[in-house]
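The first chain written gets the first letter, and so on, giving A, B, C and D; residue counts start at 1 in each chain.
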Amino acid sequence: MSAPSAAVSAHGHDDHDVSKFQIYVQIAMLLAVITGVEIAIVYVPFAKWLIITILFVLSAVKFLFVIFYFMHLRWDKPFCTILFFIGLVIAGGTMWGLLALFSAENSLPLPT
Amino acid sequence: MSSHAATATIDHHHDPSTTTGIPNKKLLMWAFLASDCMFFGALISTHLIYRLHPPAGGLDPKQVFSPELTSFSTFILLMSSLMMALAVTAIQKGNLKSLRWSLLTTIFFGLIFLGCQVYEFQHFVHDKKMTLSNSLLGSTFYTLTGTHGCHVAIGVLWLVLMYVRSFKVASSSSWLSHQLLHAITLIVVLLASLKVTLGLVHAIQVEPSLGVAFGHFLKAEFLFIAIGLLATGALVWFARPRGPVQFSEANAIDVESMGLYWHFVDIVWIVIFTVVYLLEFL
Amino acid sequence: MRFPNFLPSPLRRVSLPRWGRAFAALGALALLSGCEWWSMNGHQSTIAVEGPVARNQLEVFYVTVWVSVVIFVIVGAVLAYAMVKFRAKTDADEHAQPPEQSHGNPLVELGLIGASILSLVVIAVPTLKSIWYTYDVPADQKANAFEVTATGYQWWFKFEYPSELASVTPDGATKAPLVTGNELVIPVGRPVRINVRTVDVIHSFWVPKLAGKVDMIPNRANHLWLQADKPGYYWGQCAEYCGDSHAVMRFRVIALEKKEFEAWVADQSQTARNVAPLTAGTERPKVQFASLREFKKNEVGITQKFDVNPLEAWRAHQMPDARNENPELIARGKELFTQKTCLACHQVRGHGAAGISAPDLTHFGSRTTLAAGLIENNPEQLRRWIRDPGSVKPGNKMALAYERIDHTGKKIDGIKLTDEEQVALVAYLLSLK
Amino acid sequence: MDLAKSAHLTTEDHAPAAQPSLLAHPSAKTGLMSWLTTVDHKRIGFLYGVFALFFFLVGGFEALLIRAQLMYPNGTVLTAQQYNTMFTMHGTTMIFLAVMPLSSAFFNFIMPLQIGARDVAFPRLNAFSLWTFVAGAIIINIGWFLPAATHGAPDGGWYGYAPLTSKTYIPKHSIDYWIMGLQLLGVASIAASLNFIVTIINMRAPGMTMMRLPVFTWMTLITSFLIVLSFPAITIALVELMMDRNFGTGFFEVSLGGMPILWQHLFWVFGHPEVYILILPAMGIISEILPTFSRKPLFGYPIVVFSGAAIGFLGFTVWSHHMFTTGMGTVATAAFSLATMCIAVPTGVKIFNWIGTLWGGHIMMRTPMMFALGFVWMFMIGGFSGVMHSAAPADSQQNDSYFVIAHFHYVLIGGSIFALLAGIHYWFPLMFGRKVSEFWGKLSFWVIFVGFNVTFFPMHFLGLNGMPRRTYTYDPNLGWNSANFIASIGAFVLGIGIFIYFAVMAYTYFKGEKVGKDVWDGRTLEWSLPNPPPEYNFRVIPTVHARDAWWYEKHHREEIAKEQAEHAKAEEAHGGIHMPFGSIWPFVTSVGVLIGAVGISAFNQLGDPGTEGYWRLAIGSFVLGPKLGLSVFGALVMFVGVYFWSLEGNEGYHLHLDKDGNPVKDGHGKH
């Protein structure tokens, strides 16, 4: 991932920045479109699990686009990505663990 | 600002002064964001756990949430992220003017988002009868989205400070008071426009016809519109050129790490939007 | 002889025998003073267990102990050897050329990692088996299991027998599950499945000799099972910090043979006992409890005597001792129980008291302890309790009903009992067998 | 590479000529102001150490009261309420105010020296962490000095299980102090850790690759990651608890459908990594001391480092082993049981490698080494009782009994405290240029060692014999009398040992034997410095060629001397040594945080009738009521602090040194 960065400094500023501007705008459009799709899909009469899966995939795509482009992880040293993903993975794992623990039968709240 | 740095073009992806080449501030921000994942992880877990095991007789989120408003504010936040990204590119090119405009738009979008959120909370409390303390849904929802809102608010404050800083002149005997006043006027503008946005959203939501709504809005918010305009005038006056500015390409890293924070707030919202709002409408 | 240089230098000159003697003397002292601190056969021992669940858990514990001890001895021996062998013994040694600067040995490392994993497997297997075994009554005994609900209150326990119905009114028309407080009676040789609940904060149900603990957590349906091998009297304790009097939130479990257990259930299912008024001609001693003594605030509330055979002591409590009862006093106590608002919190089935926020007192006289296992149930201690419960058990909820001074210095009126009233209440409560 | 380094150091070269007086950079080098404005990592580390040791004594004093109460059955030294306060404060103090900041003291003082840096990455943020830690410590302890009926010190246990900590069961403000205090400590720890992470990753001297980092620095890095990733969980838990107490939310409120068990999960998601936060720095210290006094490199360096990381990572997967008795069900219990056992493997690896380090060495039995070896033995015992806990069925008997108390005091005292005491002895000559007497050092070691074992070994037996923890009293007929008596005697012996230790330290500080540089024939870079190290640490940023960098330098003197002379010239050409300016603003910010936090925790929405009087003095209280008034006032002060902090900029000045390393006072000194 450091290859593009080398290229960046080698080329002059201008053409690169023009392209970056375009990239940003395109991504913003893409994100907006995905959001629209997400909102729409909720009302589509598909199977629940399918919609949930689609929603998760779409959100993940948005997520990745933002961190890799807007937050330029794509152009930065990979260490930044690693650093962030340490947090992301541990937080995600903990969330998963908590949800799993609370979904177990033993953890259901007392019926009232 | 060192003599070498200023003359050479700055490579924004490599800082030769650090061991790894990643600027300290950027690394700090990424480490903080890793930590922030855990903050929101804990909050979202809490919310989801109680959504998976809702207490009997609790509120039904379907009845409470309004997808239109949320979709709108989601969209706004996405656009603010775009503007933030552009602000970073601008300062990396040393384009101060473009930077300032991008910052202001980002601030503006952030404020609209906050306005929507304040409005949403008001609406939920007064019309949907969901309060912090009358249901678990209220407790977890307000705490989660409120924490996110605080992040946005801190981001806005930071943006404001950065905007003001971009006017810092190299030397002047009165620059401290000048800066303070500048910051204050900007904050006044912000508060006024927050209030005005709120009024606008409210008017539109309440009144079916747009024209009438606008009339109502103008009447109700006249004072704040006036204050906002006045302060904006002052702002422009403060922003007049006053000699060489001590804010340049070398400060790109400050803007960039602020940008990272802002984008992170955005991706947290992406998650919240899906798991807190959308999933409820299945 | 020269002493190793890990001792402060002047001490190195001390001769070995003197040190040896000092240690021997210390050891002997420890023994002589009767300090058998390593013996683990107290009332709450987790080692001297008396039921299959606790035994199973103990076996797992022993596995962990043996694995640990073996590893500790081996690793410790190597460590000790290294410490002695490679010590720089003289000043010259210290200034010698540094040893070879070696960096490690992957093979040794891998071997040790493998050995560690293996020893953990030795622990893991019985652990897993036991987790499933102790979790719930085994399937083949499920039908035979006896079910009880235990509920924690700050700071006492309520025990409810859903399968045993007790009369609420003297005619037996209304029935409700049998309820007792602080003393749980169970049948021997039968698995007992206990549902644990709480009404306030988290408590924990723990009878060390019968089973490990399970927490009583609000909004959560926990349970455990246990079984007693033989008739006995067991000590239990709340094992989760639950506020001021957590330390003295105790209880007892009494395990009885089938017959005796059934008789006990039958007894308890009756409404509270009424003591017949004196008829002319029957001469009974008028018990006055004249010797009731004063207690210091922190005085111990149990006697050594009781420990000799607690189960017998418990049995003795079951029998009404008609010769030592004073019907007038009891009748007076019964009145006072209503007058003094005791019935607002306590239940006495058949006597019109139906409070639910405090221990059921219907057969209070048949219990061996009071105030959640804190003190022995005898006239002296009972009077001590009802006279000023706050001084016996810090912060307990019954004290809230007594006259006291709140934190702003205001006096709050409440229950006030004269000596005579105390004695009457004692007589009444103890008659509830 | 080092050219680049010096380029960086001159980045903020041209500070504005006419700084307004408010932003004048503090320049005091002595006196109170110099301490409040310091950004020097060594001075900050020293302050951390002083505060931590003070709180260690306070926590120890509380422990002695606990032991006095339990010496005999039905003890009467403390009331139930006081006792409960005592163990809560003892646990909280020892963990958050003694061991953590003491580790932090070493992180601050030693770590930058070990990586060849002149300071941490964000010196002012570092000062902010220190003062916010102090603010948190004050708030946690403030209850001791306020009316016990309405305020009082916290008494909910160190893990404050809901719903006991709710307003219903503890209406006093004691818990609010506990919440806000921990919250501030969290902010301080996270800020400090972010700083350390950046410092270690980005501020290493040229040639100091990650696999050449001293193990202590590695453990600092891993600990920092643990802090950064685990504290958020407790922060959120505390926020939720605070909302429950003050704003009527229902997170742990059963009447609204809340599940108190959630608190336990969130707490231990933090709590278990926390115990490794307490032990990993200790392991780092041990991994420095053992090689030095064996005069051999650490055995299996990469594996020791990797196992540290493995412990850190696994630490996030085992939290529920503190909840084996909460009825999680078979599968979850089994999973956490197994995961917990796994931690024994990387920990064992460390033990083996330490023994491997001793093997074939020239062991010099100096005081630090005594403590270090004591650590290895005692930690092993504590670790084994940990493994006994990890077998869930066995733990259902041990949980909340004195067996747990024995376990964690073996790992916390025999582990963390022994290592930290070793570290103090080890680095004392570097920090203050004086050396502790071997006789008194060893004597204190033996008294501590004996006292410690006499105190805590019998507790294993107490636990197995059914003695529950957190009990202010026990009956004499349960077979616990003699063990408790022995434990209490041991505690007093331990107290004497610690008293000797500190008395000797204090004596040495003023009157101890003066020593030259590198007393122990050290291996890592900090020993290349004169003692005490000068403000700028390294006259010339060293270039690292090997793992034990200083050892290598000592054995390759000529090349190194040549290299350094060149680098010195290059640095001088780039303007000399860059030093950051001191700043008062981090301190001001922390003061604001303190005021605001007191406001939030000390008052009901409408104010307490009893205490309102003297707080009303605070500005704003008249208008807004004490709670809002004080909070808003605090926020303002904080904002002012942050505002000037950011305006002041991270400028610095340049130092030029003469031959002896003294700063030259000439026009070039300050740019």
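Everything that follows uses one rule, which is that contacts are C-beta pairs under 8 Å (C-beta built on N, C-alpha and C of every residue); 3 or more make two chains touch, one makes a residue touch a chain.
These numbers come from a predicted model, not from an experiment.
Undergrad: Please find which chain has its CA centre nearest to the centre of all protein CA atoms in view.
TA: D
Undergrad: Please work out which of A-C and A-D is bridged by more C-beta pairs in contact, and write that pair.
TA: A-D
Undergrad: How many angstrom lie between the centres of chain A and chain C, each centre taken as the mean Cα position?
TA: For chain A versus chain C, the centre distance works out to 54 Å.
Undergrad: Starting from the mean Cα coordinates of chain C and chain D, work out the distance between those two points in Å.
TA: 38
Undergrad: How many angstrom lie between the CA centroids of chain B and chain C, rounded to a whole number?
TA: 57
Undergrad: For chain D, give me the residues that contact two or more of the other chains.
TA: 201, 228-229, 233, 257-259, 261-262, 269, 327, 329
Undergrad: Where in chain A do residues touch two or more of the other chains?
TA: 79, 86-87, 90-91, 94, 98, 102, 106-109 - these are the residues of chain A that touch more than one other chain.
Undergrad: Give me the residues of chain B that touch two or more other chains.
TA: Only 20, 22, 27, 31, 34-36, 38, 41-42, 49, 53, 55-56 qualify.
Undergrad: Following the definition at the start, I'd like every touching pair of chains, please.
TA: Final set of chain pairs in contact is A-B, A-C, A-D, B-D, C-D.
Undergrad: Help me check something: in the complex, which residues belonging to chain A touch chain B?
TA: 2, 5, 8-9, 13, 17, 20-21, 24-25, 27-28, 31-32, 35, 38-39, 42-43, 48, 51-52, 55-56, 58-59, 62-63, 66-67, 69-71, 75-77, 79-80, 83-88, 90-92, 94-95, 98-99, 102-103, 108-109, 111-112
Undergrad: Please give the residue numbers of chain A that touch chain C in the complex, ascending.
TA: Residues of chain A touching chain C: 106-110.
Undergrad: Under the stated contact criterion, what part of chain B meets chain D in this complex?
TA: Touch residues, chain B against chain D: 1-5, 15-20, 22, 24, 27-28, 31-32, 34-36, 38-39, 41-43, 46, 49-50, 53-56, 58, 132-133, 135-136, 138-140, 143, 147, 161, 165, 170-171, 173, 175-176, 179, 183, 246, 250.
Undergrad: Spell out the residues on chain B that touch chain A in their complex, using ranges where they run on.
TA: These residues of chain B touch chain A: 9, 11, 13-14, 20-22, 26-27, 30-31, 33-38, 40-42, 44-45, 48-49, 52-53, 55-56, 67, 71, 74-75, 78-79, 81-82, 84-86, 89, 92-93, 259-260, 263-264, 266-267, 270-271, 273-274, 278-279, 281-282.
Undergrad: Can you check the complex and tell me which residues of chain D touch chain B?
TA: Touch residues, chain D against chain B: 4-5, 7-14, 16-18, 20, 22-23, 121-122, 190, 194-195, 197-198, 201-204, 208, 228-233, 235-237, 239-240, 243, 247-251, 256-259, 262, 266, 269, 643, 646-647.
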